[in-house]
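Look at the two complexes coming up: chain A is in both, with chain B in one and chain C in the other.
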Partner chain A sequence: MGNWQRLVWNQRDALFSGLVVTVEICLIAFACAIVGGLLLCLIRMYVRPLRPVAIVLIEFFRATPILVQLLWVNYAWPALFGWPDTFFTAAWVALALQSSGYLAETFRGGIEAIPRGHREAAYSVGMRPMLVFRRIILPQVALSTAPSIVNQFTVIVKSSTLVSVITVQDLMFESQRIVNIWYEPIEMLTATAAIYIIIVFLVSTAGKALSDMLRRRFGIAAA
Partner chain B sequence: MSEVPTIRVVDVHKRFGSLEVLKGVSFEVHRGNVVSMIGASGSGKSTLLRCINHLETPTTGDIFIEGESLCFRGDAAGSRAPRPLSEINRMRRDLGTVFQQFNLWPHMTVLGNVIEAPNRVRGLSRKAAAQLGGECLARVHLEDKALEYPARLSGGQQQRVAIARALAMQPKVMLFDEPTSSLDPELTDEVLGVMRELAADGTTMIVVTHEMGFAREVSDRVMFLHNGLIEEEGPPDQMFGAPKSERFRQFIAKYLY
Partner chain C sequence: MSETLQQLLDISIFWEYRTVLLRGLAVNFYVFVCAAIVALSLGLGAALLRVSRRRPLRALGTLHVEIFRNAPDYVMVVWVHFVLPLLIGTLLHTRFELNPFVSAIIALGFVYSGYFAETFRAGIEAVPIGQIEAGRSCGMSDRHILWRIVLPQVVRRMLPESINQFISLFKATTIVSLIAVPDLMYQVSMITQQEMRPLPLYTGAALVYFAVILVASYALRAASERWRNKIFA
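Right after this comes the complex of A and B.
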């Protein structure tokens, strides 16, 4: 146990500061991915002139490996657009881009799964299209895609380990830094894996509970 | 009758690609009347009903709701332009529609479904809308289910909620599109029972149905559609007692034996 104390417990402050960075990046990326994904999805479905643009972006975000995205945003964007200006920003932007591509398709599936009759019933009582979307479509999409959205968060958490490559000091970065001090990787990497497992487990358990609750209450929302 | 008909359908044609589903249908429905539309699948009766509330746009022809054109807006100079969606939405408030598949919104409670449009479209306060919604639910005998979610109700109960939702906009006409076709026989009766009560209260109704008993007992007039045209129409006793057209005779024979 001495090794564990020396290699892991005594390094807890560094690990904790890395964990904070990981959580920050993941939460920001997640929030932006939901907004970005919804925008991409709506443009693809309802804004005819911009539809090809949205499709190209969605497919590009989905088809490129996260490591490529990360390096591309980090090194190409500042030269092309003059932004992002920090590694931290580049990290969450890249994660958000990739997830927004996936979430856009998730949202599209959710919207298309709503029976046409729900819309027709709303039009029949005189509701305007914007009102129908806000009151009838969007809440149902949120309910039915909630499990997939939560799942996407776990993908972000796992992908976020790669941000250490662009020197963002997240949990993985701190873990590797400590390993490289003594070259004794077993305890540290095991502990790091355990922390990621716990995060993902907590998130997916919460997601499962959420979807069970939705199904019980509304009789909708897929597993 | 000199009063303006509640619904006047004038020479409506509807074409989907090369398929002409409605080939020129005209009729009138007066206030308080119950009109049943019957006919085989594919005869165009559902399409006709969907044209009346403009879920389908007629290819040619027009529908008048209390004398006001649904499809066109005329100005003083006599020129006509297609009516914009915003105005069609306003006119749709006067048409309560009940669908074969109920189409309740699953994320709202029963009361939420019923008061959504009175609250958000008509602009009633939540409280006034809830009061109205309670009255509408009482008319379909479901006031005790107000706070349930639709998924917990039987098909017949869901369809009665859908009727209450349509009633809550206090429409001038109720349109029923095969309201019992996806229900078990015993659930069919509870929905038909509510519809009989509405008819007895003087509600103006157009009912697309395969329930010949209902059409015969409750309607003031029955229309038999065949291949996109009204093949025969008249009071139910005359229609069912002494059918004139051969096709209608064949059609009802299937239901009688």
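Right after this comes the complex of A and C.
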């Protein structure tokens, strides 16, 4: 146990600061991915002229490995667009890109699963398209896609371990930095793996409970 | 901007290094195939544990699935490569080292076995219990029932779901470049360090993976659709 105290517990400040960075990146990326995914999905479904662009973007984001996207955003974007200017920005942009592609398809599935009759009924009582989307479609889509959205968040957390490769000082980076001081990886890396497994487990359990609760509270069966 | 565009469109660098890059892509496929074999066999084992009648075996299966489904691939790859050899070395009282290829295959195989176990389990539980009882009443042994009645149906049912998992496994093989397995991404990083031109190289790598994965996923989906229709018809 002495080793564990020296190598892991005494390093808790560094690990905690890494954990904070991990949480920040995941939350920013998740928020951007939801907004971006919704935009891509709406463009794909309702904006005819831009449809091929949206399809290519969605397929590109979905079909490239996250490590490749991360390095691409980090090394190629500054030369192409002059942005992102920090590693931190590059990290969440890459994570958000990948997930927005997946979420766009999730949202599309959710929207297409809503019976036509709902939309027609809303129009026939005189609701405007924007209102129909906000009051009829979006709530049902949010309810039916909640489990997939939570699942996507766990994917973001798992992929966020890779941002240490572009020297963002997240939990994985801090743990490897400490390993490189003493060259005693057993305790440190085991602890890191355990922390990540517990975080992802908690996130997915909490998310499952949340989406079950939402369904019981607002689902069609509850009404 | 025009200079940047010129640099972007200059794909001669890919032609110059074509043998190295293609060999890297082959390494990706090699790691993928080996890890998929490990993942499928471990996943089937874990799924059988989870549907077992004995409670401790069920708990063991659940533990396996929960650990590996919730573990990030990169963390597992690093752990297997740097910690596992030390643990084995302490047990055997010798110096023990893992080849990066072997670590990559073990790590990815174990991580994806968690996902495959869940897919297998869903397929196994979807087989009506009456079929198993019918098999027993004809005097078939448990192993015979598994291979002749349950698994053929499971394989067909889990085909669409497992294609997605094979594709994520292939995408995950890029991570092995970080423990110096010479795959495509590793070669691209090495060439970047030599040529100092990250823009065309990383863009090209992204496009290569995009093309390979897009073509593979459409082809696999079409093939599985065809196969399913043929068998169910």
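Criterion: the second predicted complex is superposed on the first by the 217 of 223 C-alpha atoms of A that agree within 3 Å, B and C clash if a C-alpha of one lies under 4 Å from a C-alpha of the other, contacts with A are read in each partner's own complex, and residues count from 1 in each chain.
Throughout what follows, a contact is a pair of C-beta atoms (placed from the backbone, for glycine too) under 8 Å apart; a residue touches a chain by one contact, two chains touch by 3 or more.
Bear in mind the structure is a predicted one, so any value in this text is a computation, not a measurement.
Engineer: Chain A superposed: clash or fit between chain B and chain C?
Structural biologist: fit
Engineer: May I ask you to decide whether A:75 touches chain B, chain C, both, or neither, giving the answer as first, second, both or neither?
Structural biologist: In the superposition, A:75 touches chain C alone.
Engineer: Which partner chains sit in contact with A:42 here, chain B, chain C, both or neither? Use first/second/both/neither.
Structural biologist: After superposition on chain A, A:42 lies in contact with neither partner.
Engineer: Using the touch definition from the top, say if A:66 reaches chain B (first), chain C (second), both or neither.
Structural biologist: After superposing on A, A:66 lies in contact with chain C but is clear of chain B.
Engineer: Chain B or chain C: which reaches more residues on chain A?
Structural biologist: Partner with more touched residues of chain A: C.
Engineer: Just to be sure I read the superposition right, which of the two partners does A:162 touch: chain B = first, chain C = second, or both, or neither?
Structural biologist: Only chain C; A:162 stays clear of chain B.
Engineer: Considering only C-alpha centres, what angle arises at chain A between the directions to chain B and chain C, nearest 10 degrees?
Structural biologist: Computed angle, apex chain A: 110 degrees.
Engineer: Between chain B and chain C, whom does A:126 touch in the aligned arrangement: first, second, both, or neither?
Structural biologist: first
Engineer: Between chain B and chain C, what is the shortest CA distance in the superposition, whole Å?
Structural biologist: The answer is 27 Å, the least C-alpha separation in the overlay.
Engineer: Quick one: in the complex, what on chain A touches chain B?
Structural biologist: So the residues of chain A in touch with chain B come to 115, 117-118, 120-129, 131, 135-136, 139-140, 143, 217-220.
Engineer: Quick check: in the complex, which residue numbers of chain C touch chain A?
Structural biologist: Touching chain A: residues 4, 7-8, 66-67, 70-76, 78-79, 82-83, 86-87, 171-175, 177-178, 185, 189, 192, 198-199, 202-203, 205-206, 209-210, 213-214, 217 of chain C.
Engineer: Applying the document's contact rule, which stretches of chain A touch chain C when the two form their complex?
Structural biologist: 59-60, 63-69, 71-72, 75-76, 79-80, 154, 157-162, 165, 172, 176, 179, 185-186, 189-190, 192-193, 196-198, 200-201, 204
Engineer: Report the residues of chain B in contact with chain A in the complex, numbered from low to high.
Structural biologist: 53, 55, 85-86, 89-90, 92-93, 95-97, 99, 101, 103-107, 116-117, 120-121, 149-152, 162, 165-166, 169
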